[in-house]
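Presented sequentially are two complexes of subunit A, the first with subunit B as partner and the second with subunit C.
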Partner chain A sequence: MDQPLQKRSTGRLMILGFLSPTILLLLFMVAYPIISLVYYSFHNFSAMRPADGMSWAGLGNYEYLLTDSAIWQRFVFTGKFVFICVTMQMILGIFVGYQLQKTFRGRDFLFTALMLPMMLSPVVAGFLWRYMLNSEWGVVNFLLSGIGLPKIEWLSQATPALWAAAVVDTWMWTPFIALLATAAFRGIPETIYEAAEVDGASPAYVFFRVTLPMSAPVLFIALILRLIDCFKQYDLFVAFTGGGPGSSTETVSFAVAKTAFSYFYTGEASALAVILLCIIMGLAMILVRHLSQMGER
Partner chain B sequence: MSGSHTGSAAITRWVMIALLILYTIYNLGPILWLVISSLKSRADLFSMPPKLVFTPDFSGYQSVFGVGAAKDSAASIGVFRSLVTSVLVSTIGTSVAVLLGTLAGYVCSRFDFRGKGDFMFFVLSTRMLPPVAVLVFYHMMFAQLGLADTRIGLILIAVFINVGLATWIMKGFFDGVPREVEQIAIVNGYSRLYAFRKLVLPMVKGGIAATAGFCFIFSWNEYAFASILTTTKAQTLPVKISTASGATGIEWTQICAAGVVLIVPVLIFFWLIRKHLLMGMTFGVLGRK
Partner chain C sequence: MKYRSTLLASAAVAGMLCGTAARADTTLTFVWHAGTCADAIMDIAKDYPDKTVKVVPALVPYGPEWHNKIASEFAIQGDAFDFAMWDSQSTAEFAGGGHAVKINDIFDQSTYLKADIFPASSLSQYGEYPDGSGQFYGLPVNQDAYGLMYRKDLFENPGEQAAFKAKYNRDLKVPETYQEAKEVAEFFTRPDQGLYGWGQMGGRDYDFATTASNSYLWSFGGELYNPATMEVEGYLNSPASIDGVQAYVDMFKYGPPGSGNWGFDEVNASFQQGQLAMAMQWFYFNGSNADPKVSTVAEQTGFGILPGAVGRDGLFRRQFSVGGQGMGINKYSKKLPELVKFMEWYFQPEQQTRYAAVCQTGLKAVLESPEWQGLNSYNRQFSTALQYLNDYWHLPEYPVMLDILQEEVSNAISGSKTVEQALTDAATRHERTLERAGYKIDRKGGAPEVPDTVISPAGQAEVTPVNQ
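Then we have the complex of A and B:
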């Protein structure tokens, strides 16, 4: 480890030179905005009328938000959306991942093809599904009527719209869970399965008592990443429901955008953004701790 | 006894296969439906029951590219311009992000320095960050800096959203190159920089391509930032699609065709990165090779 002094200083130069562009960019694009956001959140301020200036509001913005029933509705809607999406995606994703860990003819091609939805733009996904779910001429209602079900007004009622949005998000992101699940299942040593077979364990028993627990660390990563992404979901709703009918499908992110860019209540929007950031950060912390524990093992 | 056991196992197996087929239809059906619909005329698009056999009609594509019957029509010109913007922003943004990510990833792979863990977490946080949260501030900042509704502004965004991903993935690829490569070069009197440029970089060529593939797809699809930071001149294709509602309601022929145009480059890059999906989609946390 005894390197000549000159070498060590070139190393230091290299660290500085290679890292500083990225650090500067991130300070400018992440740290500076977030610090400003926290600052704004304690002020009455509108980006529309910068001439009016800022006045100190203390915790006023937060107090207003946390007592506003409309904002609570956004949180409740986001919570429902997250719960439905993540549950459906985990169950479907684990199922698909389990089926695709097996080796069969055409498996690699099918696997790659099934990964496609998550690579698409949320705007394409939103409009495509809006087109397919149209109550009059959409193909989904046509297929449902084929098996004798009545027409569903997917996007003009609050509850069907929630489920429709969950179906779209699940369509896009089940492949992600399947991707991670397959990797986890394939990582389990064959000898463990052989031992279970010798013991005469049933396939279901092996799945629930061996496969799932052994892949839990990776599935946990998938779960947290999906919780984070669902919670901050914004693009999909813009293209898919536009927040409607009424404001029934507005997520917290959607509410931040609306408060900031339609009403220009910048202070209030900042406070809501700070709350959103805290929730996401909390989830991210859980993920980071989990990752470092996995690394130690 | 054992006969009935294999019997129920066979039933389970067929049920599983049936469920997998159903899932495949749910998964791939919509994409197929989009491609079919993009070739329909306006009348066929809304016919009930939906037509599977029809005369192909390219009016949607014509209005996306501003050619044929749709030449010089007001709606089409904007779409073509947004396509150019999307291509420019994604390619330049990807190149810069991959460059920065390669440099930062190399240093993180090879050196131990104070604050490295914090730096890596800081970089990872860009993956978690809700776009609207920083947008509240960007909206004002971009206006003040004259970046609002410009392609330069969007390139900055494209670099920003991808640099973290690029850093983490490239670190993974550099980790796969043995340290002896540089040690031998240095012993032989070459500089570290020379070893990096001439020896290590060529060894991670595939990794750089994969990283670029991911960055391209993500900036190509990016919507939240572009929709709020652009108004007319610098709209990208996804933003243009979402605002493509004419006097008669949403222009579905145009949207379906534009949707296919948006998907084609994704398909190409997706094929290139398919072996690295796990790594790319988990920020390089899983699936390192």
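Then we have the complex of A and C:
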């Protein structure tokens, strides 16, 4: 009787021993910053003016932010940007992934080439596209003029700027969806397709009733990752539009970074970061739960 | 005994070597934006006689990253850099936060570095905080001012002159007022020939739009706020301020389509390609704009002083944004004695003459020398331009105030708000910012239509020509 108990406790100790470095690291790298963030969010405090000290603000920072129409404007823009980008990237990514799962000559080269935009830094991509979309000497307007279309002031008007940013983000991240989609599509057993063919299913029927449902968990993970990433998009906009014109392309993450490191309103920036964190975590929890249910089915 | 002596001798040699090694390791790190002037400092520093001291740059692109790099280091009270070049308006933020060394202490102790080796106005502009206090936290290391560049070949072309005279009933000349500039810009705007009349910055980034719009605002007699009462309402959105910013927004009609989001790079590129007849640009860039290897129109480029404006009160004012940077010292640096020695060497006329060959020095001895004024086609105008400089708020809340004004002016440029609406919104948000920071706003109301008349009167009855 004693031996299994001893074995069990030794096993537990081993598990604890293996886990403890990770747990400690997580506590230090995640728990401590989050606790600090929440603590600062209830205070008026500027890291730039330490001599002014820190004063208790209660819910003041939250109240200020949530009643500030400028912040709501950032949320609305972020929502629009996320929706447009994720929709375009999922549709295009699935389409490209579906084509790339087929075996054809030069497929591997094409696959690698398509991944290139994803390997660029968003800041570099931002500057690159900023010049390409320059209304006077940018290549995009040059091509538009070449086919008789009028030049577009891409970055000096709010609506074209939103679409231009969405196009750049889609250009960068569609390959990511395509990569995961290809992997998911290739993971579906060939016999299922053969059975569908024997049953006389059309290619569209096979795609919508076999391919997509069977690869849904992977595609769902891709969707979650892109949603989170799009929601916290900051660096692209810094280089691409600077948040303008006006504040029409300023995301919430952009506002957090600016409040924290340009204004040095540390308390207010912390409160905004907490709000953003709650939204992203809430969204992720809903989606992960849905993913689990999908797995159970 | 012999063994002991050898040991002692070895220890002494080792100590000397260590001492030498430690001295050789003295690096003075500075933060600035990358560019010609930072390169010039590096070149000059190579000749610093004390070879145990190395000057090391930590350069970033011009824009918010540059401010944020300095500010972040101050926030953690770090010593990753020893000195930095920061914008004049940042002095209040950094000195107000207690992060910058008070230069007065260095003036007191140094035999060479004294306040009077710099023009008083420059020292005040780049280093004084609070305004008028006589306390300095920066030295005018790299002065700059907004300037005007124009195509001499177009202005001197007899055909163009005759056509202009026929259309506007006056001679074609480099404009002295924005009213004149508008007509000249309109005259040269010929999209079918790929030529536009006017180029200026309007970008949302950092201070791109507002350094330009403020130059109009002040010239029309507007003001950003009333420093005595801290009122913004009635000043920033005064009729004169609206006139100024409206004139600025209207000038985009004479620039290439989409120029409303331009930064200095785009203004330079467009001018250098021969697309613009005139452009509003910092003197800082004149070196490259006058270089035939860089600009296709370098030989035809003239450099002048920005126009002023006749305001609604009938008075003429010429005011434009100060540029350039002051050199400030990190309070947390552990190398202040070495740095002061370097500065005593660096601010000697010999080094500053070298620097002034490519950039704009703040040393009086060089600025006043005929050799420097005749060195190129724009130094003389630059020394004249210095008298017309004006600046943003010298308040620690500058980054917030700037961002708000940038956003609202950008809204006016894109047309999403009228100029009046944008400036009124900016004024409301500025007052909210000031109140949150603890300022008491003494709302007296009744600001005049032309607030310059009660803040810092600069109006003159006659237009004073400077570009002839």
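Please note the rule applied: the second predicted complex is superposed on the first by the 253 of 297 C-alpha atoms of A that agree within 3 Å, B and C clash if a C-alpha of one lies under 4 Å from a C-alpha of the other, contacts with A are read in each partner's own complex, and residues count from 1 in each chain.
Just so we're on the same page, a residue touches a chain if its C-beta (ideal position, glycine included) is under 8 Å from a C-beta of that chain, and two chains touch if they have at least 3 such contacts.
Because the structure is a prediction, the values reported are computed rather than measured.
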- When the two structures are overlaid on chain A, which partner does A:A195 contact: first (subunit B), second (subunit C), both, or neither? neither
- Task: In the overlay, answer first, second, both or neither for which of subunit B and subunit C A:Q157 touches.
- Result: second
- What is the contact status of A:E136 with respect to subunit B (first) and subunit C (second): first, second, both, or neither? both
- Item | Which of subunit B and subunit C A:M29 touches, first, second, both or neither | first
- Query: Is A:Y263 touching the first partner subunit B, the second partner subunit C, both, or neither of them?
  - Reply: second
- If touched residues of subunit A are counted for subunit B and for subunit C, the larger one: B
- If you stack the two complexes on chain A, which partner ends up touching A:L149: first (subunit B), second (subunit C), both, or neither? neither
- Task: Check the residue A:Y234 against both partner chains and state whether it touches subunit B (first), subunit C (second), both, or neither.
- Result: first
- Message: Just checking: does A:A216 make contact with subunit B only, subunit C only, both, or neither of them? Give me first, second, both or neither.
- Response: neither
- Touching A:S121 in the superposition: subunit B (first), subunit C (second), both, neither? first
- Task: Would you mind listing the overlap between the subunit B footprint and the subunit C footprint on subunit A?
- Result: 47, 136-137, 238, 261
- What residues of subunit A sit close enough to touch subunit C in their complex? 46-51, 134-137, 151, 153-158, 238, 241-248, 258, 261-265
- State the interface residues of subunit C toward subunit A in the complex, per the touch definition above. 64, 67-68, 71-72, 74-77, 93, 96-99, 202-206, 256-261, 266, 269-270, 273, 275, 396, 399-400, 403, 406-408, 410-411, 413-417
- Message: Applying the document's contact rule, which stretches of subunit A touch subunit B when the two form their complex?
- Response: 7, 10-11, 14-15, 17-19, 21-23, 25-26, 29-30, 32-34, 36-37, 40, 47, 92, 95-96, 99, 110, 112-124, 126-129, 131-132, 136-137, 139, 142, 171, 174-176, 179-180, 183, 203, 218, 221, 225, 228, 232, 234-235, 238-239, 253-254, 256-257, 260-261, 266, 269-270, 273-274, 276-277, 280-281, 283-284, 288, 291
- Message: For a test of understanding, state which residues of subunit B touch subunit A in their complex under the given definition.
- Response: 9, 12, 16, 19-20, 23-24, 26-28, 30-31, 33-34, 37, 46-50, 100-101, 103-104, 106-107, 111, 113, 119, 121-126, 128-141, 156, 159-160, 163-164, 167, 186, 191-193, 196, 217, 220-221, 223-224, 227-228, 238-239, 241-242, 250, 252, 255-256, 259, 262-263, 266-267, 270-271, 274, 277-278, 281-282, 285-287
